[in-house]
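Alright, structures below, take your time with them.
Two complexes follow with chain A in common, the first pairing it with chain B and the second with chain C.
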Partner chain A sequence: MPTDLTELDPQQAWAPYTPDAQRPWNIRRAAHLYRRAAFGADYATLTAAVDAGPATVIDALFTASEPAGDGANQRGDGSDAVAAFDRQMESLSSAMMGTGDPRALSASWLYRMVNTPAPLLERVTLCWHDHFATSAAKVTKSRLMLDHLDLLRSHALGAFEPFVQAISRDPAMLIWLDSTVNRRVSPNENYAREVMELFCLGVGHYTEDDIKQVARAFTGWEVHRDRFTFNKFQHDTRDKTFLGHTGDYDGDDAIRIILAQPAASRHIARKLARAFVCDEPELPDTLIQPLADQLRDNGFVIAPVVRRILSSSLFFSEHAIGRKVRSPVTLGVGMLRAFDATTNMNQLAAAVDTLGQLPLFPPSVKGWDGGRTWINSSTLLGRANLARAFGLGGQVKFNAGSLAATAAKHGVTKPADAVNWMLDLIVPLDPPADVRDQLVAIASGPGDENQRLGKTLQAIGTLPEFNLA
Partner chain B sequence: MTPTRRDFLKTSVGSTALVSLASSVPLFMRDAAALAAPSKGDNVLVVIQMSGGNDGLNTVVPYADDAYARNRNTLRLSPNGVHKIDDYIGLHPSLDNLFKLLDANQLAILQGVGYPNPNRSHFESMDIWQTARVDMTEANAGLGGRRTGWIGRYLDTTAAAGLDVPALHIGGGRQPLALAGEQARAASVQSMDAFKLDTGGDTSLRQSIERIAAVPRGNANPGEAGDDLLGFLQRSTVGALASSQRVHDALARYDNRAAYPGTALAQQLRTVAQLIDAGMGTRVYYLELGGFDTHANQAPQQAGLLRELGDAIGAFMADLTARGHADRTLLMTFSEFGRRVKENASQGTDHGVAAPMFLAGGRVTPGLVGKHPSLTDLTDGDLIHHTDFRRVYATILRDWLGAKPAPVLLGEYEPVVFLR
Partner chain C sequence: MTLARNWKKWLMLLLIATMLMPLVGPTRSARAAEKTAAQLMPETTVFYAEIAHPDRVLATLLDHPLSKKIQASPEYRQGLKAPQLAPLYGVVDAMELKMDMKWRPMLQKLTDGGLYVGVDIASKGGVLLAKSSDPELPGRFADALADVARQTAAEHGNDNAVERRDYKGIVAYKINKGVHAAVGPWLVISNQGDLARAVADAYLGGQAPSLDDETEFRAARSGRRDGAAGWAYLKMRTLREMGVGREAFANRLNNPGVEFLLGGVLSVLRRADFVTLDLLADDTSLRAAINLPRSEGDIPKARAFYFGPEGEGGAPKPLRPEGTLLNLTMYRDLAAMWNAAPDLFDEDTAAKLAKADTDLSNFFGGRPFGAEILPAIGPRSQLLVVQMPADPDAKGPAPQIKIPAAAFVLQSPNPEKITPFMKVAFQTLIAFANIDGASKGRPTLMLTNEKREAGDLVSAEYLVMPGDKPMANAEVYYNFSPALAISGDTIIIASTKRLAESLMTLAKAQAGQTVKSNTLLEINGAATHQALAANREQLIAQNMIKEGHTREQAEAAINGLLQLVELIKAADVHLTRTDKTLSLELGVQIKPVSE
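And now, the complex of A and B:
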């Protein structure tokens, strides 16, 4: 594969990955797949994945996360852990809601990310939370935020048009965007602007006049007593003209017309590619177009495009591995999943908040900027200190009993093996050889096994490579 | 003693973390130093947001005005209690430490600050002050609407955006919209601990971590084709470890010659003073003091809050003066609105409009700036502002931060004279 992305042949880039001598299917590539698609996985899962092969692993991730077919409101193979987990989450969320503190919902969502048997679904839901970024800081009502999150999850892998239609009626979203009132005589332009600028098209693909006209299409779409209502007396029934179309359109018509713009499929394709492939550089349009075409030609359904990305030759190349900055949530959740551990989720919420990303509390309607903006001195030191707390703080419960017992369970006893094992689990790129030697020296230092491994984990958590994903 | 940029380079080159780099990658070295460099010369702005709508009339008090006494049946402050600035205006009795700053030529009091067609919703008016976008027509007119704040946009327009931590929000809760830029990102921390690498006192582990971070990898050469993510992360990690070391050293030599009260605000201001003294390149610090929404039983609540405010600012200025940073520090207070002239039936006051702002620092023009708004010429029972807050921002941007105000504020605003 060429080193310059612009020289990449798009068909070749998105063609399925087939392992070869240069790009073997091994623990590191399996860990890459799980890290990006499923927040990470423990060593046993990764070993099994290496045996099963990439196609089987990707199939399993999607099977657990997609509807069971025939429109049933159930995911996975129907029987199973997924449904049971969903029921467990329902009662957990209700309990959290009882506290009246929306921050408790962040903790319960983190719990779901750590424990779900359908991690791909949760990972994609987190992407959409970043896309349709709505904050409990303003919505404040836990019930509305929980409904909002359920909405994101239920549409996460489905068709995008009904998704946008549903989000346009979502009380949390409309409260967040000051759009609970939208009167014929003074159309509220907030939602019309964001639906084009952020949700569907991107800047430069509409005019200020389009915003005014689309705002008229959404008149009468209001929220009363925390419920969406269509107030037909406030709906403007005259013709609207935008994006080259004229008619007595309502909000759903507007969404249909907006999504038919070529810019829409490109906007969403680029969003998904950035989420799963790399932060930098910006992928060239030629690479985005095949994904956009796939969206447009298949009813704008999300799952097949995500599957194509995660199965692709590009995804398993050096252009993708270690080419994203690890976000606070994927870092925190990923560490727990990788070491088969759990912790107090309120503490995890506080920790990821300190690092700059509390789920359900995005900083603005643009979501989190991600990439390099995750990084500054205080967040880097926070990440290093979190890695220390993980191994040595006593707050993390390892299912095997301890960090040392977790290592032993996988046959890891020697310091050099322990370093390789941790790097395999949580670091996407190999550090320089002399760094590895220094890590082995730390792993061979004084103290008991848990002390040594805990210190090694902190040193690994401070590697520049660790903060990539 | 504050380390200068040259001192930093000297000590860094001698330190274990960076020694291996000095010979191999000079550009990287220079950049890592610049990223985390102490910058003695740069002015610092400290903003204290008084959330809830502080009652300006009982803060900067027109104690001699008959209309004041008439409108404030139960809440009026006795002329004997206020700290008299002149024969008409005095400061609330709790503000004795701010009053002392007047004597020290370190306090300016801007009167009658507000904006046209005032909004009395906490949320809206706070957004207006933080974004400097007064009406939604204007807010909708591009440049991010109310998505970016005035400080964030300032950072976007200057090289400060490239600093490690160009602006810092200290305290819990969400980061204020004021700090959001299109590119620039501020950090939020609870305390100094956020700038300390915790190794449990294990020096050998700390040294290993520093050595490991210093091993070159990636392309950390920001000048040419641009650094890659790995190079960026290495540079940032070296910078973070250097920050940690500097903060650690600064704390070690910090002898607490200024006593700070135990309040949250005072402790946060102490953190700011320590970070300024440690030579952090941060240009703007942002703090909040909440609880000013005094609809009922106002007197004791406001007295407590103003006590917290005045004592904290007094300790902060004394500390900065002793350390030689007073002349490069400007502290500004604001609240989203003042309160109505007439008190309500619950010994409280309701949401109003114009209010005073405090500006403290070694280079303010001391004393009252502007007239107190008339207590008889009112609009709907509210004071009429004479100074748009954006004029205050324009002054700070132009004369303190050295930035062009117009691109930040989306318009020209005549500066106010309060800096010398």
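And now, the complex of A and C:
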């Protein structure tokens, strides 16, 4: 595969990945898939994935995350495990809501990410949370934030138009973007601007006048007593002209017209490609267009495009592996999933908050900037401390009993094997040979097995490669 | 000289010896064996504790059904697996092997003559004495412990960790700073060699004054309750002289909350020469009594608010509506404390209270708070927390987190005077709550005034509009329907209208009754269990979040907790003052196994 993205043949890039001698299907590539699509996976899952092959693994990820059938409320393969977990999460979220503190919901969502049998769904939901960024800091009500999160999850892999329509009626979003004061005589342009700039089209594909007109279409879309209400007395029923269309449009019409713009499918396709392939360089339009076409040709349904990305030759190439900076949430959740461990989710929420990403509290409507902005001198130390917490801290509980027992469970006994095992689980790119030697030296050092492995993990946490996905 | 020929002479010698025996005392070994632990500890011992029958305590700790349940809990089992405990298990295993005894019978036999702890001020050390009925056992134990320590240290590359020393015929082992030795039937373990030597000297007949030589200690010891499982003694005077707890013993606490709760106790503590603790335990209860000797004038005038001007302020007899979970009744003349603020607190704190007096006066319709409102409230008050029985007629939203109801009950010496101002203050509070609630999207509280047979009731309930859907898992504030009730001389401020109604009836029935204790706290196990069980889902969720447990693990943990709480029948605390003592008694009652 050419090293310059602009030289890639789009058909070849998005063609299904076929393992070969240069790009074998191995633990490292399986870990890459799970890191991107499912936060991470433990060694047993990775070895099983290597045996099963990439197509089977991707099928399984989607089967667990998509609705069981037409009109089915139940997700996954209909197995008791997925359904039971969903019921448990409903109960957990409901209990957390009782506290009235939206931060408790952040912790319960992290719990879900760590434990879900449908991790792809949570991963995509997190993507959409970044896309339709709505913050509990302004919404304040736990119930509304929980409903918002459920909405994101229920549409995460479905069709995009009903998704945007639902978001446009979501009380949390309406409060967040001031639509509650979008009145006929003084339309509030916040939501209209963001629906075009951030949610559907991107900058440069609309005018300021379009914003004014679309804002009129959304007048009267209000929230009363925490519920969406259409106030016909506040809705502007006069004709609106935007994006080349004129008529007495309401919000749904506006969304339909906006999504009919060619820029819409490209905007969403680019968003998905950036989420799953690489932060930088930006994928050229030639690579984005096939995904945009697929969206357009299939009613804007998201799942097939995500599947195509995750199955692609490009995704398993050096253009994607290790080409993203792990966000705090994917780092924290990924570590727990990789080492088959758990922890106090309130503390995990506090830790990822310190690192700049508390779920349900995005910094602005643009979401988190992501990429290199995750890293600065302060967060770099915090990220290393996260690894230290796994290795030497007391807050992480390994299901096998300890880090050493987890390693032993997978037949890891020698220092060199331990280093390989940890790197396989949490680091996408091989560190230089001398660094690896140093890690082996640490793994061979004094202390008991837990101390040695803990120090090794702590050392891995200081590597630049540790921060990549 | 043969016995036959000189029998008269031998008989005479024996007679003389027998006569002289009481004068010279018993032989060294006989005398030493009879010495008590207090006679072995130096007079500079500042803290002394004894457990007469450690085997019984051990049995209670390990064999009681409550303990068995704890031991069966996943958390306990997980805790036992902590890596930090691994070295301890290693030592226990090695000791069992060396002694050829399991640890429990070994410990029982080693301590069947009692277990004693002392802290010595002179050597700055602590000592543990265990007395065994088997004179050989302490020696074997000391040798084995030294062997195990030596082996463990050798495994870590330290071959000289254990030092053997002979002291006046006694073999002692020194490990780091610690010393252990068998001294006759006693096993002596100390962190200071000097202290261990002092104990050995006392055992060997040394003449240095012992703790037991102190008249004060002996008098305190003689007051030990019959059947007490444990007893402890602390020389307060010495601690004060050393400057321990200087802030607590200061004349001014500068913390009105602590002053209100503990001021009187600290006054007595400030003058008391010692404190004793009696520990009583059986299969169904555990009681601890802390006793302070009183001295004349130990309660300064400014703290008359605590026990009353004559020192006989008794708490009101508790009202106990159905489902009472916690009950705290006390005598505290808040008005007297408030008005004595310049004598009780520093200038800064007194100034803050003076400012609060002005602010609170505004709240009570401009009447002076300290001079008029507080005196009308009176010194007897009660705080209740009640897990109310389910309301069959409940129509409003059901909160997800179910908070028990709570109430303050005050006995007013002048209810006619205070009632209008309490009503004004209550209405003002509700108005503030509504303004704050509106800005936060909470529903409105609606005030209602009612005349009941038992008195006046003012209450506020969240407005539920016709057509509103019944709401399950509602917000936490739906637990509250604040109420103010006045029944005779009783003023009730309750978090729910139902509790206020219930208390109004009870208050009328037992108006004016008091108890002997100054402060009385009661906790009911069954009601606590009900309150926790009502929030089982919430507790499970919190456990999942905080422990990272799966639902199944969390359910097991919370079910275990509920089972444990179910075994606790009640707990209580009494603070009682007499002319000679101030005693604080704490008790826990556990359900008998059959219940």
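By definition in this document, the second predicted complex is superposed on the first by the 469 of 469 C-alpha atoms of A that agree within 3 Å, B and C clash if a C-alpha of one lies under 4 Å from a C-alpha of the other, contacts with A are read in each partner's own complex, and residues count from 1 in each chain.
Just so it is clear, a residue touches a chain if its C-beta (ideal position, glycine included) is under 8 Å from a C-beta of that chain, and two chains touch if they have at least 3 such contacts.
For clarity, every value in this text was computed on a predicted model and none was experimentally measured.
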Review point. Where does A:Ser154 make contact in the superposed view: on chain B (first), on chain C (second), on both, or on neither?
Key: neither
Review point. Where does A:Ser444 make contact in the superposed view: on chain B (first), on chain C (second), on both, or on neither?
Key: neither
Exercise for review: Name the contact category of A:Thr462: first (chain B only), second (chain C only), both, or neither.
Suggested key: first
Review point. Is A:Gln294 contacted by the first partner chain B, the second partner chain C, both or neither?
Key: neither
Check your understanding: When the two structures are laid over each other on chain A, which of chain B and chain C touches more residues of chain A?
Key -> B
Exercise for review: Classify the contacts of A:Gln165 with the two partner chains as first (chain B alone), second (chain C alone), both, or neither.
Suggested key: neither
Check your understanding: Inside the complex, what are the residues of chain A that reach chain C?
Key -> 88, 91-92, 94-100, 104, 107-108, 111, 114-115, 140-141, 143, 226, 341-346, 397, 401-402, 448, 450
**Study point:** For the chain A and chain B complex, residues of the former touching the latter
**Key:** 135, 137-138, 189, 193, 279-280, 322-325, 354, 356, 361, 363-366, 369, 371-373, 375-382, 384-385, 388, 392, 429, 431-432, 434-435, 438-439, 441-442, 445, 455, 458-459, 462-465, 467-468
Check your understanding: Hey, which residues of chain C end up touching chain A in the complex?
Key -> 81, 83, 399-401, 440-441, 473, 475-477, 537-538, 540-542, 544-551
**Study point:** Of chain B, residues touching chain A in the complex
**Key:** 36, 123, 140, 145, 147, 164-165, 168, 174-175, 177, 180, 185, 187-190, 194-200, 202, 204-205, 208-209, 211-213, 215-218, 228-230, 232-234, 236-237, 239-240, 243-244
